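You will see two complexes here that share chain A, one where it goes with chain B and one where it goes with chain C.
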Partner chain A sequence: MAGALLEVNGLSRYFTVGKRKTLKAVDGVSMRIYRGETLGLVGESGCGKSTLGRTVIGLYEPTAGTVRFDGMPVSPKRGSSLALRMQMIFQDPYTSLNPRMKISDILAEGIDNHRLVRSKAERSKRIAELLESVGLSEEHANRYPHEFSGGQRQRICIARALSVRPDFIIADEPISSLDVSIQAQVINLMRDLQDEMGLTYLFIAHDMSVVRCISNRIGVMYLGSLVELAESEALFAKPTHPYTQALLSAIPIPDPSEERGRHRIMLSGAVRSPIDMPPGCRFASRCQARTKLCDEREPELRELAPGHFCACHQSNCI
Partner chain B sequence: MAGIRADVEASPGTVFKDVINAPVLSVKDMSVSIKTDNGIVRAVRGVSFSLSQGKTLAIVGESGSGKTMTCKGIIGLLPPGGVIDNGTVTLCGLDVTRAHEKTMRQVRGFNVSMIFQDPLTSLNPTTPIGRQIEEMMVLHRPDMNESARKARVFEMLDLVGISNPAERIRQYPHQFSGGMRQRVMIAIALTLSPKLLIADEPTTALDVTIQAQILELMNDIQRKTNTAIVIITHNLGVVASVADHVAVMYGGRIIEEGGVENIFYSRKHPYTQGLLDSVPKINRAKERLFSIPGSPPDLVNPPEGCPFAARCGSRMRVCGSYVPPIMEFGGGHSAACWLYDKRATAPPSAVSATPMLS
Partner chain C sequence: MIITARNPDMPAIPAELFTPETADSLEMERISREHHSAAYDGWIRLRKNKGALVCLDVLALLTLFALIAPIISPYTYYQTDYMAKLKPPSAAHWLGTDLFGRDLWTRMWYGTRISLLIGLCAAAINIFIGVLYGAISALMGGVVDAVMQRTIEVLVGVPSLILVILFMMALPPGIWTIILALSVTGWVQMARLVRAQILRMKGMEFVLAARLLGTGTWTMIRRHLIPNTVGVIIIQVMFAIPSAIFTEAFLSFIGIGLAEPQASLGVLINNGYSVLRSSPYMLVYPAVTIVLLMVCFSIVGDGLRDAFDPRMKG
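Now for the complex of A and B:
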């Protein structure tokens, strides 16, 4: 791997709720994303994975911490120069395409705004290329979004992200609104495009098995912070954080006999609210290995084995 | 929990005629069509299956395959413009398709209950959850007095694993987490001890660790109360963990049906094959996924012949013009596919041998 493309340092994003309460959606996340890799980010709903993605790309101003992309600081103010290099794909392809715009105009919006082409002919050639690269054809250019199925729309969203030739794409739950057989098409497409264009992905999803089949490394988030980060293989072979262990054991496997003989770690206890969180480990309320220390001090992300990071007081080595 | 069933069976207003060993639910050749602005959608086109007490049937399929409409047809809650235009549905001995709406109201609650995908939108936000559970008894059990109803509410909360009931019954849905709300929905659905519970994507809106708890709860309740369960899902992992029988739907038809082992280990239909192969496996590393090309058929103008023909890698000439007959493979395992006809030219082994990469 050729060095970090994206460096996130102590990134936090808080929201104010009600009068004096703070919701810590992302709280002190540090990580690196290397050129050409896919970093998968998993976690339950409300754990801050989407907020992290949006803060990284500069859609939200961070409350604290920095994001550096290829050495340059990212902030909403200097969006335009980085917009050509960072793009985003959203979860719902039904609401993220303007229903009144033709596919050709949707795809060319970035191209036109940044004046990336010189002539009309070049513009339509580029649109045809984009459509072809995502498995659609030139004749789709003059249609409107409602004429396409969910899977096709997600392909259009991918083509739109590719239109400005970015290096880095943040995909926020890109397949969770699609049917199983269509999910596979979109994942394969994303992988082919990565191979062809050398893209780097931050792939956000809640489905562990989907994340596994596309990611080189996986980060697990819990209530706003990263609790474990490791190479995919290492994470699945030796999950270290008690939350990761419970998460992996909870995923239903599509194999009845394996499913029956399986031991599940059942979590009890309530999920803490991210609003006005008490000190200590965020996972303590549901953790079986909880000690006094866990209630007092928040564990830091430590490197337990080369490349394997975990934030837990109880796990010392792998 | 053993007392609950006896208590309800003896109660007035119970509609079912109990026949020993008869299936709780039997659906024969049911078709459902729905009038929409774009034309008449043939949502369900002749499905048949049956389910006995204490068993779980999983209906699997993509969105638009007709799985939800099949279940809404069974309990008589089709959307406006929707009708069952053919076939019979026998629920605890009663033909639901001919029943009067008044009878159906009795049937829903006493004999069959349904839980939905999103527990937040199915609960009333302005009513404490205790009263929402009690409502079932207020409507259907005039013989129960207030203290009996309260006792039953506590019993139900205990059954679904909600602790501290005295305080919880006074709280409103927004004070519950997603998993807790789904537990409340299950409590409401089971208050009158129905013979059949229909769960439409009950865990789709929940997180994985919570999903595991709810599935465990459903298995546990089934052991205690012997309720038959129809679960609609698109998650094959969920199917593997709860189902006894599986019906795979595609384009408004059941294209394969069988025991859970049959479907996972000796599937026959190319669609079932493709569906199982396209699921990313948690125990396999980064790899290229198998994918079925194309997209599901439009049910306003359903294709002639096999609904899957257009996407099928083993397609033969006959598939596009004639609906395949249901082929039996023994042990309740059947599939609607021409490949298993004696006259088929392509050997059935071709089903697993040719990956169709898009």
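Now for the complex of A and C:
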């Protein structure tokens, strides 16, 4: 594949909770995102997906590890050239727009900050362009966020992210707070924009079917670390990590006769607390294939087949 | 009758009767509601709150009288007339006279004026200190925030009345001393509120998005943080004013506030209290006025909160 646009190496982000306790929200994640692809990131609530996204883009300072974007290191105090090339779309369209600002000013925030336009006329032309690119029209520019529906707001957020012409967009559960009918609209818009502008996405979600639909590759996270990373189709065809297997078996099939025969792997046991984690595999407490080795040593992410990575002691080959 | 697609009795509808209908994407996105700013929306909600509107009118009326009545009255608030003391209401003295023959109508409105002035000034100083303190505390964070919050806790720990009385004794009596004394502790509530609001907003997604778009600290404060805190501040002010007025009245009533012949609602209540047996009406006027002020400010404050911050409605 072509060169990686984003390289994440051993990235960790810990939070201190109370006295001398650390919560390892993200723990030693390494991955590459290639130009023009969509990497889907899935995992249950609290597994560190959002924290990973925010650390990658520099909203949080990493505890350890590095993030390189197009060869340049990303740090919390980023230079303006990097700021323009990475943007983010957030989960809740109701809190991601300032209620006291007009849509035109919201969209032009990055443009104004970096003086990307020369005149007022050019500014309003650019705002109209942005609104049109997400299926809204110029007349919406003078309205306030509270006048829009959730789906419209999320599209405004997309337009705002696009306003500085980025290469890479992190979408942090951009559709999970929308109605299903609107979800499809937003997903399709994101795909169209990707084709049009050659965008690269890191798409964070917890809905497997949505992730399958938009991603080229999928990464599965469990308690702060990446347990499996593979091409989308390969992952669905041959899930290797026990957690991924359980996750995929939980997806309902939209066909009653097949759905009846679906075998669901029920996980038992409690999720480990990310605070003061014991050594060994993070998933061991819920894993059916657990052995003594799993309690002693944490499995590394290994390449089992070309492009298919898995962190499990038990799955040696596919 | 329920028509299903498989109903055998129904003749099939010929295809040529169908005309394709396309969805007009712009029509779908059209917002038919008239364009309003958030402030105007708030005003619409406030307008529906009849109680708050009436109270707003009462406040306007009281303020108007307090400003005009002492000016157009033929008497001054300190002018004594020992020939006409403790007179009941008459054509010459609309509300009667007090122990020294001073016109109560004039004194009452003058007193209201002073009370309002004290309330407004104390509230203004409270906003100034409170907003600055709260904002700095929230924005700096870390050690600065911790020290500033512990300071507030120490201040809250000392009964504010003791601080106020200490101030009143140390400084020469007068309006400005009272205002100063009321400001010593009054800003704490405002500081806490502003800090909480800014801390809440700092983690909100629109602020994060602005950071990613390269918005600097000062622009962030001006463009995002202040406009979203104004509502909370205004509402807090509406509760701070009556509380300052009440504290002043209390101090004057127990005799450590304003001194004669100055008038404030508290001084008037004190005067009326001393002649309660012979001329009970002297107590009634200032007491009714202070109750009106307190109740109206509270109801208008509640109304504003419900109108401009519907989520806080409890």
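Annotations for the structure displayed:
What we mean here is this: the second predicted complex is superposed on the first by the 316 of 318 C-alpha atoms of A that agree within 3 Å, B and C clash if a C-alpha of one lies under 4 Å from a C-alpha of the other, contacts with A are read in each partner's own complex, and residues count from 1 in each chain.
What we mean here is this: a contact is a pair of C-beta atoms (placed from the backbone, for glycine too) under 8 Å apart; a residue touches a chain by one contact, two chains touch by 3 or more.
A quick note: this is a predicted structure, and the numbers were derived from the prediction, not measured.
After overlaying the two complexes on the shared chain, residue contacts for A:210 are found with chain B alone; chain C is out of touch. When the shared chain is aligned, no partner comes close enough to touch A:129: not chain B, not chain C.
Look at A:99: by the touch rule set out above, it reaches chain C but stays clear of chain B. In the superposition on chain A, A:143 makes contact with chain C only, while chain B stays out of contact range. Shared-chain residue A:70: touches no atom of chain B or chain C. Within the superposed three-chain model, A:109 lies in touch with chain C and out of touch with chain B [touch as defined at top]. Once the two complexes are overlaid on chain A, the chain A residues touched by chain B in the first and by chain C in the second are 135, 152. Per the touch definition, chain C reaches chain A in the complex via residues 25-26, 29, 31, 33, 35-38, 41, 204-206, 208-216, 219, 223-224, 227-228. The residues of chain A lying in touch with chain C in their complex are 54, 57, 59, 80, 83-84, 86-88, 90-92, 95-101, 109-110, 113-114, 135-137, 140, 142-144, 146-148, 152, 157, 160-161, 163-164.
Residue ranges on chain A touching chain B, taken from their complex, read 44-45, 135, 149, 151-152, 179-185, 187-188, 191, 206-210, 212-216, 232-233, 236, 246-259, 264, 266-267, 270-271.
Note for the complex: chain B touches chain A at residues 62-63, 177-178, 207-213, 215-216, 234-241, 243, 260-261, 264, 274-276, 278-293, 295-296, 357-358.
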